[in-house]
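Below, chain A partners chain B and then partners chain C, in two separate complexes.
Coming up: the complex of A and B.
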């Protein structure tokens, strides 16, 4: 009897692996192989065979890479912080039993549905200093006297890109937090109200602790997304003006496809992957602990 | 029974013959499918013209079917690089000249020398010498030249008149041009010149004439060092930047304006002039037919500071290194660059040819009000340095222009930084 249960279990496990196998093979083919290939390329000197740390030496000396790394940190840090703030601010009212709740949720999700490149083009139009809608509205409201060159004046381009990025990415965080909010039992709020807790106290002592895991998940996933953000920036500025909005993803693209420096581009990509791995560790650890 | 057998045999034979006929079409010649990729396929005017050309080709070569693959101008190198590396590049591809060295070095352009040799001696005599030089790598021909044009100033004569300048006496110097641009500018409404300042392949074509007419250059003659530290280069750079920062004769937003944005500004009378070429009038006409571009616009040689110079635009055709049909691809390439088709490209799209027997003799070109100015500038035309590092150098340089335009750095500082970075790129090469 015991033996047949064990056999059935082993068959079931084998069947499980068989089901997973096609997806695993596909992942290895489209992700694993290119990743290993890039890793190999990054340890080669340009035009020479054999192992070399040349590309990593160049990375350390390259001021453009340093600036790009800093730009990426700034863009990701500010975007993720804004996503969390805005995502939570929108998720809280959307969790209330309002009329037209489904429509409101749909509207809040719309920016996330727009493809990255399309979002970039839309914002480039909005920011256009000659006939962009943003300047027009701000001038009509009396908030500006003359139109601003949002993508070309001083340090404004990075701020403009971050603004567009906040609009583009906050629904993802909002969605995760909304799911988290819905999982918090209503009874806790009722009990707290009976005990005389005000809204701020309920938020601080029930909502925030209840959302802790979801906040970690959204923080980790959003950071990974934002480090990889490419289409929006490429469509809006191509990393310019100067290198003010250059981020790691646009730099890798440029080095690879415009300058044909495959080895150097691979080294940047490897560093980028290592950073992403470090960022995702808390998330991975949390998932493993749950299992 | 026997009759049934015979009937069966006839039926089987008929089916077999039908199957054989289907498998081997008429003439026992297999139908070849050629993949043809060109950024022009995304443009209305050119697409129509190319589609007609391909139809003529397919009629003459019934065993060849041309499958078109549009690609955006900016993304063509990306697409072709990836496809070439994967051995899946289109059979025939269109590139601009400054991408060629990188494609040659990577082995992404098939050696055409054997085909040219088969065509017989003197086959290449029909082309101008400079384009032929640019399509050679280590003495072998790896591409065929296509459009060959110079950059000129294209102005709206109505706006020139309105600025109090006679279109017949348009300024020939940069000082004179600045005076005109100031007169043509009405702050917040219209400006004297449209400026391409975005990181775009079209930037260098429009900036280089400034540098060269001021007597400067990007690199030293041996192409080993940056030449941006010369007084001439500094003067040209400052002049260009100040058009926007000091004189405000260009519309705001230059750092994100690409050539199409500037053509749109010209089409809607936001700017009086832009630096363009043969393609400008048809595209502007398409954007705003009410402007009557062919009547209102006029081409002028670029103004001069120290010497007459302009940038040369050259497009080229290459055959993918992994093509399974090299002979058919060569036939298509020969057809596209034939005298007959080069004249058609001009008639439809107003682009002049790299063939002497077209641009130098065709009355349609010699009498065209735009083409004759463009052709007259050919002796003063210059090409950007043909080195693999050029796209990287140009990215650094465009970045410096943008930094100066946005005020992130002074013009001198931005140029000095670009000079150092370009030297570092060239040092890596050495």
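Coming up: the complex of A and C.
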């Protein structure tokens, strides 16, 4: 009796492994292997065999890498902050029982739905200094006296890329927060109202705590996606002009496919991967242990 | 008010008659508050839609009108020249075909292997299970640029560089972990009693999976396939790094290449963007119901 329970359990463990195994092997082959290859490559000096920290030393000295790291930090930090702010600002009214609510929710999602490249190209054309719509609108509204060269020179190109990125990415956060809002039981608000809490107090003491998990989820996922963001920037500026809008992903791409510095490119990519894993580790633990 | 009326609605579900009736019941507040809310949402809608309107308007212009200063907002002489031109004079029909084939193949493979693994994770408690689930999730956090270099070399070595097959293999790195987690989430929602009943009836685990679980999950599985499809559809990085000849180009790469050309013909480029964006928009309309559950891959449980 005891024996058969034990065998049943071990068969069931084996069956579990068997279900997971094909996907696991496939993933190790298509992803694990090249990832380790990149890692190994990053510890090689160019044209020499054997372990070397040469590439990482170069990274520390490379002012372009520093600039790019800073650009990426700025892009990610400002985009994610704006996504959370705008996402919450749009999710709150969309959670109210309004006429046209369903349509508005769909509309709000659109920028996030189209491919990265498409979003990038549309904004590149909006930003066009001569024929673009943005200058035209702003001049007509009297907000600008002379047209701006949005992707031209100085700090403006990076700001412009970030603004396009805000538009592109806020709907995702909005969607997650909306789901969070809908999960807060309405009774809590009613009880608070009866107790005489005003709107602001209800927001602070019911909405925000109720949204905590969703805020963490959207913060983690959005940060990861913004660090990896490639298509939008590649389509808009290719990191240019000069390296004014260079981010880590476009820099790695250039080091690989324009300069053929495979070892150096790998080192940058490994730094990126390390940052991403560290940022997402709390999220990964929270999700995979939650049962 | 009966208690059942107080249940929160589900994400993204369209509001029906019942909801509208309830809307009247629950006061949204004084008219001033309502006006402010609608005003804010109107501004939001303009902000969101304006770039799309600009894309559409340009796609319908002649090239000379697109280059007018100041720009016209509504095409004076609307024409479908560019929308037709990208099919006839450019190779967008081929790009479209490539994107569809590659994305679909990736999606089907991912969901097949992903749902097997998802079933394993959902139904069995084996040593290392949490670690493996964490591993599947962690791989989704890795940047694509970490992998493109080795892929370039690997695919060249085996003769798969610049082929659709090569792209499918590469896209599995994004879509397979994603499909595993979404399918696990959906399978969690199916009562274990269904498995047990089938096991008692003499089914083995594999036939439980294929005959009981998968049929129940029909719509959810279609949703997973479409999500994976869209992940692949939206990619630029991999197509840029792993394909080169005209015959292998995807829609997104086709658009990106057109920007790189010496003289950009904006109406054509906007028509191309329209083409690249439209399938995604249409599929998401269909996917609304599954959006939250699918995208956060297990992060959101009731």
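Operating definition for what follows: the second predicted complex is superposed on the first by the 273 of 291 C-alpha atoms of A that agree within 3 Å, B and C clash if a C-alpha of one lies under 4 Å from a C-alpha of the other, contacts with A are read in each partner's own complex, and residues count from 1 in each chain.
Heads up, the rule we're going with is that a residue touches a chain if its C-beta (ideal position, glycine included) is under 8 Å from a C-beta of that chain, and two chains touch if they have at least 3 such contacts.
This one's a predicted model, so the numbers in the text were calculated from it and none came from an experiment.
Partners chain B and chain C clash in the overlay (superposition on chain A).
Chain A is touched at more residues by one of its partners, and among chain B and chain C that partner is C. After overlaying the two complexes on the shared chain, residue contacts for A:257 are found with chain B and with chain C alike. Once chain A of one complex is fitted onto chain A of the other, the partner contacts of A:118 are limited to chain C, with no touch recorded for chain B.
When both complexes are overlaid on chain A, the residue A:130 reaches chain B and chain C alike. By the document's definition of touching, of the two partners only chain B reaches A:239; chain C does not. Of the two partner chains placed by the overlay, only chain C lies in contact with A:182; chain B stays clear of it.
With both structures placed on the common chain, the touch criterion links A:163 to neither chain B nor chain C.
Of the two partner chains, chain C is the only one touched by A:230; chain B is not. By the touch criterion defined above, A:149 reaches chain B but does not reach chain C. Shared-chain residue A:211: touches no atom of chain B or chain C. Among the candidate segments 78-86, 114-122, 150-158 or 294-302, the part of chain C whose C-alpha atoms clash with chain B in the superposed model is 150-158. Common to the chain B and chain C contact sets on chain A are residues 124, 130, 253, 257.
For chain A in complex with chain C, the residues that touch the partner chain are 12-13, 15-20, 22-24, 26-27, 30-35, 37-38, 41, 89-90, 93-94, 96-99, 101-102, 104-111, 113-118, 121-126, 130-133, 136, 139, 167, 171-172, 175-176, 178-179, 182-187, 214, 217, 221, 224, 227-228, 230-231, 234-235, 248-249, 252-253, 256-257, 262, 265-266, 269-270, 272-273, 276-277, 279-280, 283-285, 287-290. If you check the complex, the residues on chain A that touch chain B are 64, 124, 128-130, 146-147, 149, 151-155, 157, 236-244, 253-254, 257-261. The part of chain B that touches chain A in the complex is made up of residues 77-78, 81-82, 102, 105-106, 188, 197-200, 251-256, 265, 270, 388-389, 391-392, 395, 398-400, 402-403, 405-409, 414, 421. Of all residues in chain C, only 6, 8-15, 19-20, 22-23, 26, 28, 34, 37-38, 40-41, 44-45, 47-52, 54-55, 58, 66-71, 73, 113-114, 116-117, 119-121, 123-127, 129-130, 132-134, 136-139, 141-152, 154, 169-170, 172-173, 176-177, 180, 205, 209, 233-237, 240-241, 251-252, 255-256, 259, 266, 269-270, 273, 276-277, 280-281, 284-285, 288, 291-292, 295-302 touch chain A in the complex they form.
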